[in-house]
Structures are given as C-alpha cells and as structure tokens.
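Same chain, two partners: chain A is paired with chain B first, then with chain C.
And now, the complex of A and B:
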C-alpha cells in the first residue's frame, strides 16, 4: 500500500497528487505560459524584434536606401567610434545628463523638503505644490517654445539681466556657442525636477516621525537630522530615480532638437540628435543603427544596475 | 476560497488572458501592417488610392478635399483617401513608409526627399506612366528625375522674393528696395544703425531645419546667375558667386546688421520678426504673405526681386520651393494614381490649386486667379515670370545634410574660426562624400 508523508510546507492537495510533472493535465501545464503569453508577445513584437533588426542593420553597409545591403561585420562600429563628431556628441551628452540629473536631485530634495515642512500652512503648501509641478505637465515641444521666447535676445530673461546691470547687452543664449549647452541643460533641469520632487515628497511622508523626535532628543539640529535621518531614508528612492533619470536624459531628443537642433557649432549635439541626423539627414541608416546600438549598450549597463538595485530592495 | 469561487476566478483569469492575447495580436498586426493602400473596397471593383501630403494643412480648410471630390466625381471608380500631416513630420514618415514598403499610392514630395526615395526604389518611373497614359508633358513647367526618367513633378511653386518693410526703409531714408548686393548691404547697415530695436535683415542659420542655406545664403548666388554645382557635382571652391554670397552674409552678420541670435533662428522666426517690425528686410516665401497680413494688418510692405551682384546684367534667378508629387513604385494601381496626378496637373485644377496655395502653377499654361487676392501676389508673379526659377538642392543626395554641413562651417567662419576659402573647401570635401 502506497503511503505518503507530509513534509513541512507541503499541502494536502500536492501530497495526494502523484509526483512528476508529466502526470499533470496538459491544460494545467500550459496555463502559466498562456497567462504570460500576451506580455511576451508584446515584448517580442515591440521590443525584441525591433532591437534585433536594428542590431542587424548595424552590421550591414547601408540599409533602407540600399536595396542590396551587404554584411560588413563591425566595420560601422569602428567607423563610428573613430568619428570625432560621435565623441563630441558623447561628451555633450555626458555634460547634459550629469548636470541635469545632479540638479534634478538637488532641486527635487530642496523643494520636497520645503513642501513637506510643517512650518507651511496647508493652503499655501497646496498652491506651491501645484505651481512647482507645472513644468512637468508641459510637453517637451511646449517647453522648447516657452524657453526659446524667454531666452530670446529680446526676451524676458535678457531684459531682466540687462535691467539690473548683470549684462551690458542681450545674449542670444541658445545661439551662442559658449552658452548653448548650459542653456539647454537649464531648460531640461526646469522641465524635469518636478518628477524628483514629487517622488521624494512621497518618500519624505513615509519617514517615521519618531526618528526625527529621537534625533531631536539626542540634540541633532536640522542639518544633522537631514544627514542622519532624511537622506538614509530617501537613499533607495534617490538611487532608483537617479538611474532612471540617467536613462531618460541620455535619450532626450525633442527638447534639444526644438531649441538648438544640435547647434551652434555642434555645441549641443548629443547622441540622440547625432543619431537622428545620420538617419534622416544623411540617410545612413546603418550608421544610425550603429550609433543607436552603442547608446543601447550604455543604457543597458545603467538598466542592469537599476534592476539589481530593485531586486535587492525587494529581497529586504 | 470555496471551490466554486476558485473555479470562477480561474475561468475569469482564462478569459482575461484570451482577451489580452487577442488584443496583443491585434496591436502587433496593426503595428506591422501599413496603410491599406490597395484594397478594393467595394464589390464593384472600386479602387481606393491613398495620397499623403502636407498641403491640406497649409491650404484653406477643406480646399484640397474639394478638388479631390471633383476628381472622384469625374472618376467614379476611384476613391482617394487623403493622408495629411505637417511638413516636418511627413519627411520621416515618408522615408519610413518607403522602407517598410507601405508608401501611399500618391505621395506629396519635397525636392530634398526625392533622391533617397529614388535610391530606395520607392518611386515609380513617371516617364513610363506618362507614356502608358499617352500624356504629353509639354505643359509641365519642370520635372525632377534621374537617368533620363522623371520621378517627381512640381505641382505648385513658391518663390522667395525680397520683402521690405516700407516704414522702416522710409525712416532710414531709403526710398526704394535695393536692387544690387552693395545697395542691400548699405541699406541693411543703415537701418541697423539708424533705428533702435530694428535690424536691417534677418538670416535664420539654425540647424533644426537648415534651409537657411538655400533661402538666405546661396539664393544670393543663384539670383545672380551663379551655381554651386558643375556637371552635377559640388563646385564651391574657387567659385566667385558662392564666395561672394558667403562673404555678403558673413559681413552683415559680423557688422551686427542682422537680428541677433541668427545661429538659433528658424524660418518661422524670420516671419515673426518681420511681422513685429524688428527687421527691415527678409528673403522669404511668398506663401507667407497671408501670415504677414493676418499677423499685422497695418504693416505696409513690398515684394521685389532678390538683389543681384553689382554689374550683373543677365536674367536673374529666383529661389523656388515646390510641392512635388510622385507615385509609389509598389502601388497596385499605378494607372489610377497617374490619373490623379494628371488631374492635379491639368490646366484648370492646377490654376485652382496654385491660387488656393498662394503659389504659382506647375503647369505652364495655368494661371493663378488674382481676383480678390493680395496685390503682392500679382507683383511676385511678374517677378517670377521674368526670372529663372532655381533651387539647386532639389533632387540632391541627402540635401538636408548638405545644408547642415554648410551651416556648421558657415557658423565657424562667422566666428572667425576659419576663412571663407577654408570654409568652402571644408564644405566641398564634406559634400563630395555625400555625392
């Protein structure tokens, strides 16, 4: 007579079913695959296949405009990586991205602390929340038009600066080689800080108040509380947000395209505009695919860090 | 959870999964399928054509559809579906559609797109289409083609004369629009020096849309009978017309006779600043007359031919941009598609179309109707008739990149990073790679 013993963690139902997957009905075995199939199908069709195609394009001499493309191996990668314009665009992307992410973080924390402050009454706090989140509501095209008007030589910013004596004459911020990259970075900072601010505000509201009370009892001042209580509590959010922002900002295209188009003197040329021009100005789709694959590889490194971080957080 | 509840929950999960699966398949199929360009919709074999263009958004509401309705009345077995998008987005859309083999049957074309589409093999040989339809092309004002075959026909042409603000010129003591390069330079400087807040000229040199090269730099050479090409190849170095045009613009930018921030300006900025009275002169499309009069009804302005090089006595050139048309090589109804092209190029329709578009007809015997039109159109038509329409970028390979290369080097020469000769030699080298 067959008998079975229940081990801890094994329920009655599984204990009575004979061991071995082949014994389970086909429908039951297929069920998990069927359940994930819509997602898998979408990921396959909208991500995996296009990425594979683009990688394939990057290994051809030229595609789309060439009816008989030839396989050239890594030749396009060698060409791109030895093109000074690519490295110039990569350098601009780095400055633009790092500047934006750091400023997003600093401004986001400052505004979140302010909006979380108990010293502010509820109504003004709600009004400030609405005002501070405004830049995030606008699309990149609207932001570009708005800032082009603000930074115009006859715009508000030049008027203010010349009125108070900070400038002797109006500066075309977006059209001057020495100021254009700074100008587009400022615009990107302005349009992106609210996302940090709102996420950090949510994080701040989750920090237990008794930690602050304990810190106060121990004689900690505002700065000490910020360093020893607030920052450690926000660290997981800050880390995740910084990685996500790094990915998003690296891929910023619309804002730069609509404000400077990569000029003047290619000082605001970033990898996204560089790639776009290869594709739709020069019709060198294979080179554009190569540039895109290089950006993808860089983004994957950041994405791996992000996923590992999320996994660690989930395990805690 | 009871067995019944668990069963219901499981059934619900199955149903949800199936719905999600179907949705995913539909989304993917919809995403991978192009425009339904060749479906025979009705049982009586009615042919449906698709026609992509940016023209409808730039014409009075419903104007293009009215013309299409006339075509459908004349050809009851053909229906036409208009696919209208702004110019800026249609370029990428057209190139992508050509790559995926889903180009609409009839395609609105810009001169800068023809070359890559031809290289893709995406455009139908219109010379053959004309022969098949026994069409005599003698009335076509121009055709764009390669290897002796036509791939694009300009339907409506837009000229770029010199616009001058009468009040600003009068304040600077200038009695009439300039006719030569030296008069233009002197007038631009005079306006900039004599009137606070106004500049003599506006030159957009932004690279987002690099057409400032053709509209505002090389147009000076073309107006004086010059050319940037020799035997179809770049001819920039040692070319006195091109060097003169570059030096003319460079001098005006460096002497602050143009609106500040030229490196970031686009064509729309040019028009806006002219409307607002910040500049005395601009070279711009006649199509913007309506925008100007709507934007500032009180503005008094004149249109005249673009000034020519001092001492030039030949026939002047005038910059022209076109609404072109072509047919997809993959169209399953090329004969019907040609019928539509032929309809748009016919004398009566082309007259109407050019009138509605504020442009000039691509059919030589068509005439725009100036009844009730802004008088500037008639003046510009007279200039057009006594000039050679020219745009050397039409049909060139990677025209946008050629212009971007030119602008990048031009910005360097204006910043005194290199001489004009060095600039032109660098551009020549970059252009040769594209050719």
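And now, the complex of A and C:
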C-alpha cells in the first residue's frame, strides 16, 4: 500500500498541519481505517444493514409478497405477542435451553473431573478423552439423522429399553407429543456437552495443586475439596460458558428442524423454527421479521451480560 | 495399624473401581451412538432394524459407501462443500490477519467502538439475519451461487476470527515490529514478513474454526441454494433422508463421509482446536 511507504517527513500534507498541533499526517491517521475497511464493510453491509432491514420489515404490513407495503408501527408486535403459538414456541425454547445448559454443565463437570483424576494412567486417559470428545465432531445435520435412527420405534434404544424391562412397548420418541421435547433436548445434550468438558478440563489443569493439598491437610474429603476448591476455581469459566451456551441453544435450528420439524403438534416448535416457518412456509415475512427481532432482543440481553463479564475478567 | 492401612487401601481400590465404572458409563453415552452409526453404515438396508439388533452382522457390506460415492449428485454435494469451505477459510484468514494486526498494533479514535461492534455482532441470531439475507442475495443475484454462500460464511466467521487473531498478535512482543518500523519497514511488510511467519499456530486455529463452521452450516445453505449443483453436504444428507426414507445405511455412510474432513483435521491439529476453543470460550 502506497500510503504506508511514506514516512511522515515525506508526506506533503504534513506541512499544511497548523504548527503547534502535534498531529500525525492524515494518511498515517487514516491507515488503520483503510486496513480494516474490508472487515467493516462486510460487517456493515451484511450484519448491520440486514438488522436495520429486518427491523424495518417488522414495522410494515406484509413485505416481500406485497409490492407496496405500508408502515404499520408496532401492530405486528401486538399481533405476535398475543398469538398463543408464539408463547408456546417461547416456552419450548426455554425448556429446551435450560435443560440443555444445565445438563451440559453437569455432564461437562463430571466428565472433566473423571478425566482429570490423578489415579488414571496416561493411555486410558487419552482413550477416554477421545471417546468423550466424539459427539463434538458431528454437525447437527448428522446428529439429527443418527438419533432418528437410534430413537426409531424399531431402533436400538427401544430394543434396549424394552428388553431390560424399562418399557413395555416401543415408543416413537420423536413422534409422540409427550416425549418429543424431551427427546430433542437429550439429543442436544449429547451433541453439546464436549464443548463444556474441554474448556473445564483446561480450567481444571489451571487449579494450583497446593490448594488441594492444603484442603487435604485440613481433612477435606473429595466432596468438600470439590465444593471449596474446584468449584470456586471454575466459576468464571462456568459462568461464561453458560452464557455462551444459553445464546447458542436458544438459536438452535438445525437439530430440531431435521429431527421433528417442530412437531408433533408443535410440541418441539422453538422460536427459530417458528420464525422460519412464518417466513418460508407461509410467506408472512413481516410477522417472521417481528419474531426475528424479538429473538434478537433476547439474544442481545444475554450478550450484554457476557461482554460485561469478559470486561470484568480482562480487568482482573 | 495394619487394620488402618488395609481399610485405606480398600477405600482406594473402591474409589478406583467407582471411577472406571463411571468412565465406562460415560463412554457408552458418548460413544455408543457413533459406534451404531458406523455399524449401520456397513449393514444391508434390510438388516438395519433386524431383531435382535447386532453391532456387526452377517450382512457386512461396503455397498452403502459405494452407492454414495458413485452417485454424481452426492459427489457434487461434497465438491460444493469443499469449494465453499476452503474459499471461506482463505478469505476469512486473509481479512482477519490484516484486521487483527490493526487491532493489535494501532491506536485510533474509533477502535473501542469498532471492537464492541465486532464482539457484539457475534450474538446476532442466524434466524434474524436469514430473512433480510434472502432478499439481499436475490437482489445481488447471489442466490444459489457459491459466492453467495461464501460471502455469508465469511461474515459469520470473521468476528471471532478477528478476535482470535488479535489475541494472538497481542501475545507477540511489540518490540520486534517496532524495531522494523524504525528501520523503515511498511505496515504491510511488518505484517506479512515479520508477524505472519511466526503466527502459524494462531492462523491454524482460525483456519480450523472457519473451515468447521463453513463445512457444517445448514440453515443458510438450505435457504440460499436451490439446485443440487450448489447444495452442500449437510443439506444433501437431509435430502437423502427425505427422498429415500428407508435407505438408512446410505444416509449413515454419507454422514460418516461428511464428518471425515472435520475428524481428520481434529486428529492432526488437536491441540490447536482445543487451544483455540478454550481461549475463545474464556476470553473472546
């Protein structure tokens, strides 16, 4: 880039800067902006402007399908917030998300603690670690078809449950209204816990061993050590990961779309599938935009907590 | 005294048995579904739901894999996925290097605000962007093109790539490039000649993250493509499922084939994956 080849003295324009003001030449001051302009253009053009567009859509009566949409203010918001289907999707999203995040955390801690156990030799540790990370390799589209196979009425899980007497007859888990939401939550738990586990494992290795020794000298058993040494040390990681997971799980689309499509009887409809259907199945783009903006607002609230948390952590 | 030691020993043995019991239980939860996918991909389709189910039965066959690999449409999905994911990786990496360098080495008035924007946009839900994206891609004539998907994934991966790259550059001593600056080196040559050669680990982490996101993405690939010659593997798997509801063995074979690139990358670059992941989760 030509601008960077010029040293301040060579820059003609630097002579026009009023004397006494210690300002660097314009070119040099503009250089960082020039260099980050591709990133800024991409983010402006395909993140910021689309958000403005989607908010605009939500304030108009039916866009895209209607050539001359009218401004209708917040009436779309009133409509959607009084639609029972929206609240039912919001409720399902909440159950799905809270169930997933809590289970991710519990399983993540449990597996990380077992893998971190001092009594285990290197080779079994590496083998177990590799097995525990496995679900993380597979993308949601693959996870979905795999679990459809496993949970099929004639599938292997129903076989195992009926043969040990847990069930009297096979259950079509994903097609039964009372079990579908539980089933998709279990699938999401399976596919998401390794991310927690890996981060917690890294966190555990950072806990100073003399803290454990001190606790042991004081007569603390395994559980006491966990509560007063391990858990406080992992708290910052746990908090950050829980917020990230909350953000990602509320946005989950593929897993649900590819297992149940929101059914049966809308029992697994979450906000993302609800929004998608409004737009691409019933072409109500304004309603879909309204729902999308509400989802955005919710995500931003979580994000604010997350960024604040990171700030605090960075200052420490 | 001996009673004490033997009870301590017994307790330790019991703890150890408990540990391995727990570990095995966890391994079944984590690994059995994957094992079942693998075994189903080698069965004949009529044996998929054979009663009682067997992990490996007499019908062991490579036919599902051959069926996927001899079907030009399925191969097309793989080609599309590679074209898109590799292009995104190159573009994102290139842009993130420059942007990360600026964030790490320059001070400028709007830096803080821009930084907050870059962190903030990561929280924007994909479903929120999907509706305007559809219109934008149609208007820009990028609907159902490689370029449309590539630019979409570049935008999605760029914020985190920039954050990771900035953190990596921050970890390198500034004295090095300041010395070069005194010697008259330009910003470009400091970046490409001095920083990039010693930033390979950071670049690997960013590249892996970017490739994985692009390879795995489903929602936008589903919505922004229309014909088989532009569709990617995650969409292809679902289509195979929809068309041939009963060809479970082929669906599983295609799922395995579709997961191999990520698996291979993971095996080769494990520590970069985990390092990048952990760093991102803790300090993003």
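Quick note on the criterion: the second predicted complex is superposed on the first by the 289 of 316 C-alpha atoms of A that agree within 3 Å, B and C clash if a C-alpha of one lies under 4 Å from a C-alpha of the other, contacts with A are read in each partner's own complex, and residues count from 1 in each chain.
Convention: a residue touches a chain if its C-beta (ideal position, glycine included) is under 8 Å from a C-beta of that chain, and two chains touch if they have at least 3 such contacts.
Just so it is clear, the model here is predicted, and its values are computed rather than measured.
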Partners on chain A (chain B, chain C) - clash or fit: clash
Broader residue contact with chain A after superposition on the shared chain, chain B or chain C: C
Which superposed partner A:121 touches (first chain B, second chain C, both, neither): neither
Which superposed partner A:263 touches (first chain B, second chain C, both, neither): first
Partner chain(s) touched by A:35 [first = chain B, second = chain C, both, neither]: both
Partner chain in contact with A:166 - chain B first, chain C second, else both or neither: neither
Contacts of A:64 with chain B and chain C, given as first, second, both or neither: both
Partner chain(s) touched by A:152 [first = chain B, second = chain C, both, neither]: both
Partner chain(s) touched by A:177 [first = chain B, second = chain C, both, neither]: first
Partner chain(s) touched by A:280 [first = chain B, second = chain C, both, neither]: both
Partner chain in contact with A:254 - chain B first, chain C second, else both or neither: second
Common ground on chain A, meaning residues reached by chain C in one complex and by chain B in the other: 35, 38-39, 42, 46, 64, 148, 152, 154, 257-258, 280, 285
Touch list for chain C against partner chain A, complex: 12, 15-16, 19, 22-23, 26-27, 29-31, 33-34, 36-37, 40, 48-49, 51-53, 95-96, 98-99, 101-103, 106, 108, 110-111, 114, 116-136, 151-152, 154-155, 158-159, 162, 184, 186-188, 215-216, 218-219, 223, 233-235, 237-238, 241, 248, 251-252, 255, 258-259, 262-263, 266, 274, 277-278, 281-284
Touching residues on chain A, where the partner in the complex is chain B: 34-35, 37-39, 41-42, 45-46, 63-67, 148, 152-154, 170, 172, 174-177, 180, 257-266, 277, 280-283, 285
Residue ranges of chain B in contact with chain A within the complex: 13-14, 17, 20-21, 23-25, 27-28, 31-32, 91-92, 95, 98-99, 116, 119-121, 205-210, 259-265, 278, 397-398, 400-401, 404, 407-408, 411-412, 415, 434
Complex contact set, residues of chain A against chain C: 1, 4-5, 7, 29, 31-33, 35-36, 38-40, 42-43, 46-51, 53-54, 57, 64, 110-111, 114, 117, 119-120, 124, 128, 131-135, 137-142, 144-150, 152, 154-156, 159, 163, 190, 194-195, 198-199, 202-203, 236-237, 240-241, 244, 247, 250-251, 253-254, 257-258, 271-272, 275-276, 279-280, 285, 288-289, 292-293, 295-296, 299-300, 302-303, 306-307, 310, 313-314
